[in-house]
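Presented sequentially are two complexes of subunit A, the first with subunit B as partner and the second with subunit C.
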Partner chain A sequence: MNTQAVISCDNIEKQYKNFALKVDHLEFPKGFATALIGENGAGKTTLLEIIAGLRLEHKGEVTYFDQYNEEDRENNPIVKNKIGYTGTSNYFLPAWNLNQTKAVQKLLFENFDGDKYDAILRDLALTSGDAFEGDKKVSNLSDGNRTKLMLAGVLARDTELLLMDEPASPLDPLMRDKLCNLIHDYIASSEGEKSVIFSTHNIADMENVTDYAIFVENGRVVEQGFVEELKEKYIYVKGDAEDEAAVAPHLFDMSKGKYGFEGLVLAENIDKLAGYDLIRETPTLMQLSVGIMRANTKLGAGIR
Partner chain B sequence: MKNYWKAYNTFACRIYCLVMFIAVPLFIWGLHFVMLQLISPIDILNMALYEIVFITFGDYFTFNGIPSKEYNFGLLRCTLKGREYIRHSIIADEVVRFLHIVLVSVGCALISIATVPCDFVHEYLLMHITLVFLVYGASTFSLMIARHVTSFMSYLGVAGLLNMVLGVVIAVGIGLFHAELQLISLYPWLIVGIATSLILPVISNKIIIKNYNRCFMEGK
Partner chain C sequence: MKISQSSGIPIYQQIADYFRTEILEGKYQQGEYLPSIRGLAKDLKISVITTIKAYEQLETEGLVTAVQGKGYYVNAQDAEMLQEQHRRKVEDALMEAIKYARIAGMSDGEVTATLETLLEFEEG
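Right after this comes the complex of A and B.
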């Protein structure tokens, strides 16, 4: 699929003591929801923070909206105003209360709509219109409610790109469903102009809203593509234990059970499995993710 | 100017403002009135020390941690206005703190004049002015250090120790050597007070902005 890029990363390198992020070229499609998927410590947050401009020390270049570079981002308020970022913690100062979060965002973002913020807070059941509830401290909110507060903040602004680091993790299942709807509505509110990039470990919950997936492992992008294309690129197969040894060399990834095996196979290799008694399925994003992550992980097979 | 006040208000909540701008001055004025019956207008020295203590401990609930490496500026990093917002808040805090000290000192002076007009000699006026600057300089110095300490108990210890040392310096310097023993002039103290009041807030501001810039460069 030919698409424009909302964000392009070229030759990004970020070195830590025991970890290095290295991205040669990466494009996030405009007008879609892109999921960054990977293990803990794979580099998802680092990549998101580099894009958001929260980590300035790195090599390489990020291009925004096909026209701005990082220097523009630091000098031209338009770039950051177009981006809404939600992190995993300490986004609002703990001492702030709900009224103050609104006041701060009004001060900081010209495109912040206070009435919309209040409406979203009510919609997310963070407020109900009671007196003095605006005095509720951020530090007294649960992790899930703090995430809702962040979401309300970015959704109350007129942005073109949402960068969200693990938005689903602290949320309950109902709210995760709501989050998917919010992302869907956000993208649908413009004609292909608005995009969302989020990292997640809650792949099954977020599958409905994920258009494009980027898999990051050990600081490298190991696979990417539109989910529908990836589902054509890989096939999920299940077989009996007796075929395991013969089939294994042709599989991209395999997990073994007591009675058989299952795993991903590249569609281009499926002919090599002809003759075996296998069940073929279209993989879910979760199955794709586990397979791709396992094929690239440094995790051991387990100590038995 | 409006933005300075708005930015300050996002750090200083309503309760803090009520306590610092109404309860604390009333408490100090009330105490000064009572103490005037027992000692001369030199009691303003005690009130100056109380003022430093209230300012320092009150600050824990507003800007505590802001110059420390662990302080997470969160949302502020997502906009180019973050740096300006921090600067506005800090400048507003410095101005408000100075005005607070002036307000308390003027109130104490008026109480002294009204209560013991004969004792309130011309020199006490100079002492009040000197103390305004000294208290401001001392509290700024105290906050420059204490704001790095984020644990409440440690903060109490560090801020308490700083206040004690600064209090002793001011009380002994002005109270003993000048008012009681008449050994030194107040003017050098006034110059020291004005100098610290001008220099320390600028340094404090620079430290905080430097910390804000540092938060984009992790590990430094």
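Right after this comes the complex of A and C.
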């Protein structure tokens, strides 16, 4: 499918003591929600932080909205105002109360809408049963509520790109459902201009908002694509234990049980399995993710 | 429209089926736009790419036309042309069946007998 890129990364390299992130070329499609999927320590957060401008020391270039570079992101308020970021750690001072978080964001961002902020906070609080009072301190909020506070902050601005690091993790099931609705609303608020990039381990919860998936393992992008295309590229098969040895070489990833096996096979290889009695299914994003992650894990084949 | 996550029928297929019926039943006028891709995704709580895939399928079938930046509008539905398209699909599918019949070494008589059995089965 032909799409424009909201973000392109070229020759990105970030070296740590025991880990290196290395991305030759990566494009995030404009007008869609993209999920970054991978193990802990695979490099998702590092990549998001480089894009968000929280890690300035790195090699390579990031291009924003097809025309701005990282210097523009730092110095040009137009670029800064278009991007919203939520991280896993709270970026409001613990001693601030909710009214102060509003005042600070009003000061920082031209397009911050204080009334909208209040409205979103009320809306989010409604579902959790918590009362969001203006004098409530940030330090008294639970992890989930701090995440809501950051979400409300970015959603109260008129942005074109949301970068969210693990937004679903601290949230309860009801709130995850709400988060999906918020992402849907955001994407649907313009026909193709607004994009979301988020990292997540809560793949099943987020499947219905994920358009594009990028799999990161051990600092490298190991697979990517529109979810509907990945679901055609791979087929999920299940078979009996007696066929296991014969089928195994053709599978992309396999997990074995007492009564049989299941795993991913590349659609291009499915003809090689024609003679075996297998169940074929379209993989869920979760099955795709587990298979792709397991096939590329730095933990090696030991966990299979 | 009701979308089932666990029916075994892909979601994009369910959406395409729904709009195909709507269009063929004349519920959409010629030139009328289908719901916006992202609006539909939001309302059905599914991903944008799934809606796009559904609409692209309708486009391949000649039911709608995509306009860059505007969405998908419904084509004039020429009943004869539609029937012709379906006939061609039947021919393609039968050609595929014949191909496999040759591989399996089935005689022509066996192939027609199979088809007849299947037709009876379908009617029964």
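Note that the second predicted complex is superposed on the first by the 292 of 304 C-alpha atoms of A that agree within 3 Å, B and C clash if a C-alpha of one lies under 4 Å from a C-alpha of the other, contacts with A are read in each partner's own complex, and residues count from 1 in each chain.
Note that a residue touches a chain if its C-beta (ideal position, glycine included) is under 8 Å from a C-beta of that chain, and two chains touch if they have at least 3 such contacts.
Here the structure is a predicted model, which means the values were calculated and not measured.
Asker: So if we stack both complexes on subunit A, do subunit B and subunit C clash, or do they fit?
Answerer: fit
Asker: Classify the contacts of A:Phe198 with the two partner chains as first (subunit B alone), second (subunit C alone), both, or neither.
Answerer: Neither partner.
Asker: Classify the contacts of A:Asn81 with the two partner chains as first (subunit B alone), second (subunit C alone), both, or neither.
Answerer: So A:Asn81 only meets subunit B here.
Asker: Is A:Phe92 in contact with subunit B, with subunit C, with both, or with neither (first, second, both, neither)?
Answerer: first
Asker: So, does A:Tyr64 touch the first partner subunit B, the second partner subunit C, both, or neither?
Answerer: In the superposition, A:Tyr64 touches no partner, neither subunit B nor subunit C.
Asker: Quick check for you: in the superposed arrangement, does A:Leu54 touch first (subunit B), second (subunit C), both or neither?
Answerer: First partner only, subunit B.
Asker: On the superposed three-chain arrangement, identify whether subunit B or subunit C touches more subunit A residues.
Answerer: B
Asker: Taking the superposition on A as described, I'd like to know which of subunit B and subunit C A:Phe28 touches: first, second, both or neither.
Answerer: neither
Asker: Between subunit B and subunit C, whom does A:Tyr212 touch in the aligned arrangement: first, second, both, or neither?
Answerer: second
Asker: Can you give the closest approach of subunit B to subunit C, taken over C-alpha atoms and in whole Å, for the superposition?
Answerer: 28
Asker: Taking the stated contact definition, name every residue in subunit A that is touched by subunit B in one complex and by subunit C in the other, in rising order.
Answerer: In subunit A, nothing is touched by subunit B and also by subunit C.
Asker: Enumerate the contact residues on subunit C facing subunit A in the complex.
Answerer: 10, 12, 36-39, 41-42, 45-50, 52-53, 69, 71
Asker: Quick check: in the complex, which residue numbers of subunit A touch subunit B?
Answerer: Spelled out, the residues of subunit A in touch with subunit B are 52-57, 74-75, 77, 80-81, 83-85, 87, 89-93, 95-97, 100, 103-105, 107-109, 135, 153.
Asker: Hey, which residues of subunit B end up touching subunit A in the complex?
Answerer: 3, 6-7, 9-11, 13-14, 61-62, 72, 74-82, 85, 216-218
Asker: Quick check on the complex: what are the subunit A residues that touch subunit C?
Answerer: Listed in rising order, the residues of subunit A that touch subunit C are 1, 31-33, 180-181, 184-185, 187-188, 190-192, 207-212, 226-228, 231, 282.
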